[in-house]
Every structure is written in C-alpha cells, then in structure tokens.
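Letters A, B, C, D and E mark the chains in the order given here, with residues in each chain numbered from 1 onward.
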C-alpha cells in the first residue's frame, strides 16, 4: 500500500491569495494512499524542506507530492530533500499550483478547485512512480577537435595541457586555417603569422596532440563519453612519415599552373605542393586533379627527385576508427563569393577584390611579395574604395541576414595599413554603420579617420563600372551630404560576409547537433551554455557557432576546452534516468522506434526467449542505451505494441493523470 | 494455373529447395478454403487448391513459418507480395527462409456476394466464361462473374509482384484505381453524416478481433488491447466509445504500414467496411506527405517514422472538406 | 390450428409490441439479418438465420453486474439488479431454440445465474420452422428437427399463413394473449411443406455427419489425436466462431473505473484468445493448438460428459460461413471421425 | 446553435517540458488570464503524446484536448515535434473522418517565450469548446457526469 | 503626418518601409539621382515618417524611371521604386479623373521618346 505525503505551499501570498491552500490540503488528504497532507508558508525554505524530510521519515512515505510553483523551479530542490531523507528522488511529483493556477486565476473558488484537481493528478501519478537510479557510463579520456584553425588549435592545446589526448582533424593539408592567411591583426596590428605559427608548432610538438591533416570525419557513432569516430585520411600521395618537407619536389614539378588556394587564386602553385612555408605538418601533398603522373601516368619527376622516397602514387584513402569522450567542433568560416552581386563587378573586374584577397595582396608571402599592386596591371593603386556589408545584413534572398561582425574592424585595419605604407593613396570606406564594440576597437577606428585620414562616407556603393582606361567608376551615395558620388578608383575592396564552412551541415547531421538556418551550430543555451551544443559531449569552438574575431574565437576555444576537460576529468557520467526502455517480451523487433530516435540510442539484438507456449525462439528485440537516450519519448508512440515506455513519464502515469483530471 | 503451381511445388519439394509449401486447402464446399502448409507431393495432389475463390492472404503465416527449420515455398498473389514485403521490412519474416513464387491475382469471387443475391444451399460455383454457374440444393443459378467480385478485389491497386523468386504466369503493373472513391464520398459529407455513418457501422462490431488477427500489419507479440499493462486493454466493446477506440487505434497502429490488402473487411462477420479507415490514412498520407505504398519496397522510411520540416500543420484538417 | 395470414403478420407484431417488447429478425443488408426491437412497419427477414445468434437476449455480450466505490478502506457495493421486463423473441430457428436448453444447463444449474434466469423467466421464445435449409445446416446431426422447432411457441409457415403451436405454459399464455387476432385454420398444406423440408434435409451435403465418434467417453483418444496440429495450424485465434455461436457461454468478468465508481461487468470471452482464463501464473493453454482443441473438445466431449450426452453444438452452421479461414466444427468432426 | 452558458468544459492540455510548459509558466509569471478549465499535463516532448492519451481523455470526460509543443525546428530533442506534427495531423484527420467535431482537438506551437500566446490560445480554445457543448460523440457513457 | 495617406501607400506599394537599414544603396544606384530633389532613400525614409506632402509636391515623383535598379540592389528587399510608384499613384488619385489612361498612350507616342520611358509607362499602367 502506498503511503503518500502531500505538501501544499502558500508561497507567501503568491498561492495563498487565490488558492485556499487549507482546503487543498484537506481535499488531497482524502485521496487514496495519502497518509499526511500539510500546508506551509514557504515549502522551499529550509524549514519547509525539513517538514517534508521529517514526514518522509516519520510516516515512512513511499511518495511525495508538493503543490507549489512550477517543477521547472523547484523540482530538483524537493528531489534532493527527499533523497536526503532516504526517499528515492524520483518518487517526488510537483503539482504546479502557482504559475499554472494561482497566478492566472482570480476567482478563489475555481482556482482552489483547479489546484485540487492538479494535486489529485500528481497523487495519481506518484502512485505509479518507480524509484529510478541514474545509471553511469564510462568516459573515454580522449578528445576530438574537428578543424585545425586557431579555434581548434587553441582548444587542442588547452585540453592537452590538462593532460588528455587530443586529435585534430583538419581537411586541408595543413592546420592554421584562415588566420594563417591574414597579414596583420586588429586592433594591435601585430603580425598574424608571428602569433599563430608558434601555436601551430606547439600543437605539432605536443605529445598529447595527434594531427590528422588532409582528413575528414566520415562517421560518428556513440554518445557522450563514448563516441566512436571514423576518420577518413585522404590520399595525399606522399608518405607523411618519410617526407622531410624539403620542398625539392615542389620546385621541380613541371605542372606549375595550378591556382594557389592559399593566395586566394591570385597566383599559381605546382601540382605537388606545400601550402605555405610554415605549414604544419610540413609535408608535401600531390593534387591528383593536376598531377600528370596521377592523371596520365607520365611524369614521375617528384618521385625521382625525392631523396626520402616519400612519393607514393598508389596511396589510397584510409579509414581510421578512434574512440573519444568529447568532441569539439571548430569548423570555422569562409568568406562568401560575391559573384551574385553584379553591381560590384567582382566576377569580371580583376581589380575588384575581396578583403581576404587584399590580405594576400598585402602579405609579404603573398603573390606580390608584400607590395600592393593592382591584380590587372600590377600598377600601384592611388584610389581605393572599400565597400562594407557585402552580402551581410541582407534579407534572406539577397544574402546573409546577420552582421558578419569582423568586417568593420579589418577594413579599418586595411585602410590604415594602406595609408601608412602608401600615403599617396586615397582610401574611401563606404559604410552603413561602423560597428566597433570591443576593447580598443573604436579607438582603432578613430585612428583610421583622425590619424590616417581615411575617408569614411556613410552610404552604400550602388554600381561599380570598370572603364576602358583601366580605372573603375564607383557610383555611391553620400547620405549625409545627400548627394550621389562618382569616385574614379583604381581598386575596389569588398568586405564580404562570412558563412560557416560547407562541411558543417553534414557534420551536424553526423553529430546530431542542431544548426540554425544559416548553418551556424546552435549552442545549448545562448547565455548560460554558449560553448556546448544541445547534444551532450559536443562542444563548439570559434566561428562555427557564429561570426567572431580572433580574440573572441580564442576565448571561446579555451572555454570549449574547459568544458571538454570538465567532462574528460570524470571517470563516468551520470545519466538521466528518465529514459526509454523496451519490454523485450512485447517487442516486435520492427525497427519503428529506431527510425524515430534522434540519438541513435536504440539497437537490436537477436535473443533467445522462452515463449508463452513453452517453446524457445530467437527474437529480434530493441534495447535502449540509457546513456544515449535523452528521454523524449518519440519511440514510445512509434511502438505499436507498447513495448517501449518512458521512465518517469510512463503510459500508465500519463493516463492516470488524464483520468484524475477528467474525473 | 493450379496444376502449374502443384507441379512446380512438387519439383521444389523434390529437389530440396523447400521442405514445405504454404498454400490453400479445399474444404467441404467449393468456397470454404483454408490456408495450409503442405509437406508432401501427395498432400498437394489431394488437397491443394488455388482458384477463383481462394482469397486468403497467407503472408502473415510466414512470420512463424519462416522461423522454422528449412525453407518454405510461398505462393503469393500480387497483393500478398506487398504484405510479405512489408513484413520483411519490419524484420518479421526472415526472407532467406522463404522461396516466393508470384502467382496471378484476382479478381476473386466472394461467396458472400453470391449469397447476398439470395442464392442459398450452394454446392458448387463454376466460372464459365465469366458467368458463374452455381449449383444449389434448389437448382442451378447463374450470375455474372463481376457481380460476385470480392470487395478486396474491386479496387485492385496493383498486379505487380513486388517480391518473388520466380513467377507463374505474368507479372503485371501497378494499377490506377479509384480506391479512394468511398473515402472521398464520406469526406464530402457533413460531420453529422459521417458520425452517423460510422456509428451505424461500428456499433455492429462484436469485437471478435477477426480484423486484427487476420491483418498482416497487426503482428504484435502482444496487442495493446490484450495487454492489461497498456491501460487500454479491453475484451468487449462495452460502450460505443470502446467500439470507436479499438478501430481508431488499430487503424493508427497500422497507418503507414497497411498495404490495403482488404482482409479486414473481408473477414468481418458483420460486414463493417473497416478498410475505409485504413484507406483514409493512406489517402491522407499520399496527399500530405507524398505517395507512399507500404510494402512496395523494404528500404524506404515509413511516413509516420519520417518527417519533413515543411510538413503541413494539423489545422489543414480544418481547412478541408465539410465540418 | 390457430393461424394468421401473411398479410396480417405486421398487425400481429404491432399488437404484441403494444404490450411488451418484441424482437424480430430483420434484414440489415442482403444476407445479413439481425434481431431488432420491433418498430411498426419492420419487415420480418426471409433469411434462414441471423448473423449473431439469439443468445444475446439471455446472455448479452456485455452486462453490468454491480457498481462499487472505494471509500477510504471501505468498499461500497451498489446492487444494480433490476427485474427484467417481459419480452418476446419472434422467429427463432430450431437450432437457436435448442441452444437455450444448452445455456440453461450452464446458467440455471446451481449456482443459478440470477441475471440469466431473470431474462429467461421474462422472455417468450417464439420459434419459426425451417422450410429452406442451407448447405451449412447440420442440426439433424444433433437430433434437431428444424421443421418442428422447440421454444415456447412454434410458428409454421405454409406460404400463405402462419400457424401457431404452443409448446409450453408460457407459449400458451402467449397464444392466448394474441388469440383475438388469430383464427382457426386448415393446416393440411403444412404437412406437405414440412415433408418437403425434411426431404431437403436428407439431401444436404452435411446430412450424413455423425456424432458416433464423439461423446463424454472419448476423452483420451480424441485429446491425444495427432490431427489437432493440422487442424489448428491455420487458426488465427480470433473469436468469430465463439461470438456467432449460439451455445458458447464463456465469459470474463472485468472492472471498469469510470473515475467516480467502478463498474463490474461481464463480457463474452473466447477460448480462442490467448488471454482466456489467464491466471496469475499465466495461461493454462499456451498454444493455439491447445486453445483450438479446447473449443471442440468442450463441445464434443466435455459438455456431453457432464450433461447426459448432450453435445454443445446445435449445427446452425454460423461458424462455417463466418470463420475467416474457413476452419470449423464440421471439418474437425470429419477429421477426427473413426471410420 | 444553443450555447449553454453554464457549461464548463474539461480541457486537457499536454505541454512539452521545454517550450510550452515553460510558456504556460510564463503566462503565469506575467499574470495573463485563461480559464481554469484548462489543466496541464507535463510531458518531456510533444512526441511523447500517444493518440491513446488523447482518446483516453475524451473517454474519461474531457470536452477538448489540446497539445502544445516547441515550434517546428526548435524541438529540444531535434525532431520530436516533427513526428508529433505528422501523427497528430493524421489522428485529427481521422477523428474528423469519424465525424468528431474539429474544434475539440488542437495542436499549437508555443515557445517558452510565448506566455501571451499560450494564454490567448487557451482562451480561444476554451471558447471554441464551449460553443460545441459537451463532448457527446466521443464519450464513454459510463463516465458521463450525472 | 498623414496617417491615412501613409497607410494607403503601405498597402498599395506592398512595401514594409521599416525593413530599411538606411544604407543608401538605392540612391547610390539611381540613374535619375541628380534630377531628383528627394532621392529614393528619402522616399523610403519620409514615407516611414509619414512626411508625404513634400513628396507629393515634388517633381522628383516624376523623375523616377521605374528602372527598378534600386529594387534589384536593395540588400533588405525594401523595393524603393514601389514606394515611389505608390506615392505617384497617390498624387494621380488626388488629381481626380483627369489623369492618363492607357488607351491614350499610343497617340502620345513620339519617335524620340526614350525606350525607357515607354517601358516605364507600361510598368506604371499595367500594375
């Protein structure tokens, strides 16, 4: 026989003003199984909790119903109180008579009636509550970082620092990401390479870190603490262990007309290549789309010149499988291609460039060795126009709806650098708003205006027209002067929007994490859990979660690392016990539940059963991994036989509530 | 055709491909045909029957039979292959243990249709060039073949065998049928008319469970209506609600899995048009989530175990037809 | 014999129903007759028989037995029994009429089922002689003469007139109550009609079905027969045969919680169901073979063993036409027959 | 149609824990009124709601049943409410097919931020059900309140 | 501020002027800019404020070629040309019934008339 205690809270006057709490306690006291029914001023206070605890001990309660505020508020409080009094915490039910009763009704009679019904429903439910014990699942002490940009590198370094093994998977031949392509960084104007490359080397040299460059994540199985990831190591046709990175092959390769991705296609590289001098790992890669040997079987020069014998034309993609306890996503961003904005003439005028292209043009390791020259005729530009918000802040059809966040600052940086190095050059920046929220950011922008005399014009460029004389006519509006301008420019630089990497969406599917409509990963909570995904054990680092500058990226990378370390430190994790479970005797093995499970928590086994007619039979039955199951209950409805049920929200419990309410 | 089936079955038994044959056995009269498993050539010769009156869908028996020792030969009509395939998809039938021969389908004759013409004392029914010659105790009667076509064959959806190891006779195509005609007619009624129609029909239900037990989609190890733990178990329709409840839940449980084989309505002793409930779901699924034929393949996702982010809202119910 | 012309039959029905509730078989749709409460203008079905048997009148499919309430630790029981009203069932066939005798043996022997008895006491069974049997009929196998049915009052139709023969006290009272509408008539043509029907009975395909191999003393050999496996193989375990059967009398008692009180009710059960007579330890008959065997053993062996050799089947043929897979008592009897 | 002014319908609302239940809490926090006829049952996700529960509510005396979940795309469990949407669309369509009044059932998406919407939805729903009167077409006579 | 007028313009243009983020790209792109007293971005801004009277009285109204460049290039999909058109219609309606009807156009066609103007007329009167 159940022995249930009911505790009705006044919540000061919050409840008691509209609900006759004494009447509620009295009415619920008559319910079957209820042995004690009390009311109290503040049930969540220490003395209120003591009331519950004492009653549990004194009356040897088998269930507790607290009629109070929302369970979202104090369910845990009362569960803990019950546990400390020796009652299983899952034998506590809350009847929400504040948010869903006293606060919305004015009439005392009807509010009291409703509170009684809600209380009865909770009593009916608690009759069927079963003690639940949270399970434990072991944690594999190794983390995976997907993406080897500054975010991934920082996360990996921090995790390794804490003493855990980390693998970085980078799809390009080298780690470094976008930061490696940048010349100087705002607002300090220090050289990006000078601060990034030491970190790259550190990552390479750290014993705890394994870098899988030129690799991709092919499959993710498992769950928090116990992911099994398949990594595809793409064939680079060079034996990583043998290549010394001497670069001889890249010098001798006869195929020299390959667009150089690292320099944004502004110059060429060879078919066998090392992306840049400080690449990590410094290993050559053969581009099978251009290599004459791989395409036609005729050449083999690199193989001949390689003293290490590292060239291997027969190399194939390799799959490696590894277990991880935590996964950090750091897939980063790409600038969009501004092709579709005809008015900016990007697709046909070589002197209209994107900001990242300008970075390369100005970089000492770039195509012009650091001298800013127009791509078309390699002359020195005297008038440069910067256009802000290209593809950002648009409506959905025209581009990205969000602000790309970094453009205002890097444009100020570019303008300043140009004015500093080439004082004879006039620089115009067309802006809609200048957004500089960040430490020393506005000061930086003001310097561009005040110290470097960059012409900031509020207005947008409407049309860019290349002219026969090689000049570019830039037609724009100056909103403050209320006039339309024509600027005879030599170069136009577009501050293009940034978007998540294309690989992010398929990856999100594999990880069962959520994404927003722009393909940025969604954090578990925008304020309280900004570096975790909603899927346990998956963390977010850097621009994959939203546009970020370098300091923010590094901060988030370290935060994600801290979260991952927090997980990896545990030997095992406690699981939510309100999970689905399958009654094997009733399971048909039809796979319906598996199809609707968003977490892949359901697997099937062939098991031998003694059937009702005393025969034995091998049957396919479902089993739920309680560590993976999040307890949504989708499977319970998909299951036609009712073999699937959910702890804490079982069919019989919900029906008991329905019955009590409809009575 | 029956001879060809017996001949081929005997060959397969003889060469050891199969050790049993799932077929039909003749009865006391020409129409009381019982699904049966044959183990020898002699049994086949003596009792096997597959004629115009052989209606039963035997695919559900193969759940159990495919779990026995050795391989069984199943003779499946086109509509039966859909049920069979759906059961393979749901891991209920072990495909490797069944050798499937696709046999021609209907239209089959339903004896009830003949009896409805007030022809009684039926001793035999012969199809003579699409006229039925019916010998009765009270003399010989005739009626056109098409007037006696079984309800389940009236709106045949397909003559195609979706799964087979070999065929006897030819394979056909998926047909254009007007099988949703009656559903549409009901949809166009007022809610009160629909309510009256279904009250009239479902109040006839005696909860004999024939529809459930014959249904190839109802293969639960333990049906929720038999399971006291489910909270909705009941043995009898003690109230009109329970008549509704049983049929709504049953139709919902087979929604997206029902191949529209028509067995439920065929076996109902009270002639309740139960298939209309299933067809309503099929029609809704087709129109709201794209054409889907359960059993047509073994790989696609069942519509209720699938979704699209731009699915319609349930308010679509309010926007359609008559209230 | 007292008679009424066919043309006046409905006047008679109107007269009866004015005094008490009258049930007659009517056609719901072709070949689907059912007993309905008579309302003026309803036409007596010409079908041989109804889909459901007439047993519902005395042993309904579901029946509320008692209501009770939990009040703290007390149970408050409400006796809801009420005296039944008088009623007449008209047009019961000989097979169903005999089935009442079989049900009586179960429900009226000690302890008497008061719910059943109440209805039985108040119901008058007016039977109708068969003139046009069907191929599925085999009542003669169980010693029933369909041309002279049992019941409180038997009615015979010669094509023009309905003749009334009272067979019990209740029947006499019934005939008296309608005597003002009846007239004395010439029953000579009736003998011819009966003779004709008897001749047809002899020619029926199941006319030679015999019960010689069955009975209370054949328990062991029949129970252990190796034929059951084959016979039950196709059985899908539905309750169609049981629920259309006029003699099946098993029921289950269940409780239904309405939220305010608990209704204890009984409902027909079927030995074909997997949860039939399920107890704490499980089901005593775990396979469909055992359940299938139970049904036929009960009708052909256990029932006669306890009831002076009377079989638990009346040969109405309903299970022959309604079984989804066409397995039935005739096939079972033929298979188990000792030749 | 005659409207019984005194008719107080029993309304069962199933609310998912993450959005709609929180939305209901929010309407309480904001002191937004809706009738006390509405009684909420908390479920982890709208996809936990079995059609059986909805029918059970009608059986035991509910006059209207409303199901609330996160907006499509916002499900805490990624996809739960998409399954809900299909299941419930088909179920409601079937109930309509059987002649059950359309306005007795509803599905609404209410986020944790939409306290006002929650109250508005409930006000509207109760009003609609009041117009329909007591549930007669899908009731169990044994459970009818005398 | 004339609320009715503003509402009418909002409805007839189908434009939500609140979507404007004041980037001025419409004016940057406008071929008739120099001819205008009020520029496309000002049309949007002034309609938003309900400051419509000056627009109705300005010749700018008739300088818009309805070339749709601003519609094409507006990053926010505001469609300034439709706002201008709506203001123009307001002016037309205020003039009573003495405005141009489509049937009158063929007679008025001039060989020297720029192609653009004809297209504009078509756009304007086939709306």
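What we mean here is this: contacts are C-beta pairs under 8 Å (C-beta built on N, C-alpha and C of every residue); 3 or more make two chains touch, one makes a residue touch a chain.
Just so it is clear, the model here is predicted, and its values are computed rather than measured.
Novice: Could you work out how many touching-chain steps separate subunit C from subunit E at minimum?
Specialist: 2
Novice: Would you pick out the chains that touch subunit A and also touch subunit B?
Specialist: The shared contacts of subunit A and subunit B, listed by label, come to C, D.
Novice: What is the set of chains touching both subunit C and subunit D?
Specialist: A, B
Novice: Considering only mean CA positions as chain centres, point out the chain farthest from subunit E.
Specialist: C
Novice: Of the other chains, whose C-alpha centre is the longest way from the centre of subunit A?
Specialist: Of all chains, C has its centre farthest from that of subunit A.
Novice: Suppose every chain is reduced to the average of its Cα atoms; which one is closest to the average of all protein Cα atoms?
Specialist: Answer by centroid distance: D.
Novice: How many angstrom between the C-alpha centroids of subunit C and subunit A?
Specialist: 72
Novice: Just curious, how far off is subunit E from subunit B if you go by their C-alpha centres, in Å?
Specialist: Between these chains, centre-to-centre, one finds 67 Å.
Novice: At what distance in angstrom does the C-alpha mean of subunit E lie from that of subunit D?
Specialist: Roughly 49 Å separates the two chain centres.
Novice: How many angstrom lie between the centres of subunit A and subunit E, each centre taken as the mean Cα position?
Specialist: 45
Novice: Subunit A: which residues touch two or more other chains?
Specialist: In subunit A, residues 596, 638, 651, 655, 659, 662-663 touch at least two other chains, as defined above.
Novice: Would you mind listing the residues of subunit B that make contact with two or more other chains?
Specialist: 224, 230-231, 238, 304-306
Novice: Going by the touch rule set out above, which residues of subunit C reach two or more other chains?
Specialist: Counting only residues that touch two or more other chains, subunit C contributes 256, 259-260, 274.
Novice: Which of the chains are touching one another, listed as pairs?
Specialist: The list of touching pairs comes to A-B, A-C, A-D, A-E, B-C, B-D, C-D.
Novice: Where on subunit A does subunit C make contact in their complex?
Specialist: So the residues of subunit A in touch with subunit C come to 30, 32, 612-614, 659, 662-663.
Novice: Touching subunit C in the complex: which residues of subunit D?
Specialist: Going by the criterion above, the answer is residues 60-61, 140, 142-143, 145.
Novice: So in the complex, the part of subunit B that touches subunit C is made up of which residues?
Specialist: Those in contact with subunit C are residues 27-29, 31-37, 56, 60-61, 111-112, 115-118, 120-123, 136-138, 204, 206-210, 212-214, 226, 234-238, 263, 266-267, 269-271.
Novice: Which residues of subunit D touch subunit A in their complex?
Specialist: Within the complex, subunit D touches subunit A at residues 10, 12, 17, 21-22, 24-29, 31-34, 36, 39-45, 47-53, 56-57, 60-62, 76-80, 83, 87, 119, 143.
Novice: Using the touch definition up top, name the residues of subunit A that touch subunit E in the complex.
Specialist: 343, 389, 393-395, 397-399, 432, 458-463, 475-479, 482, 484
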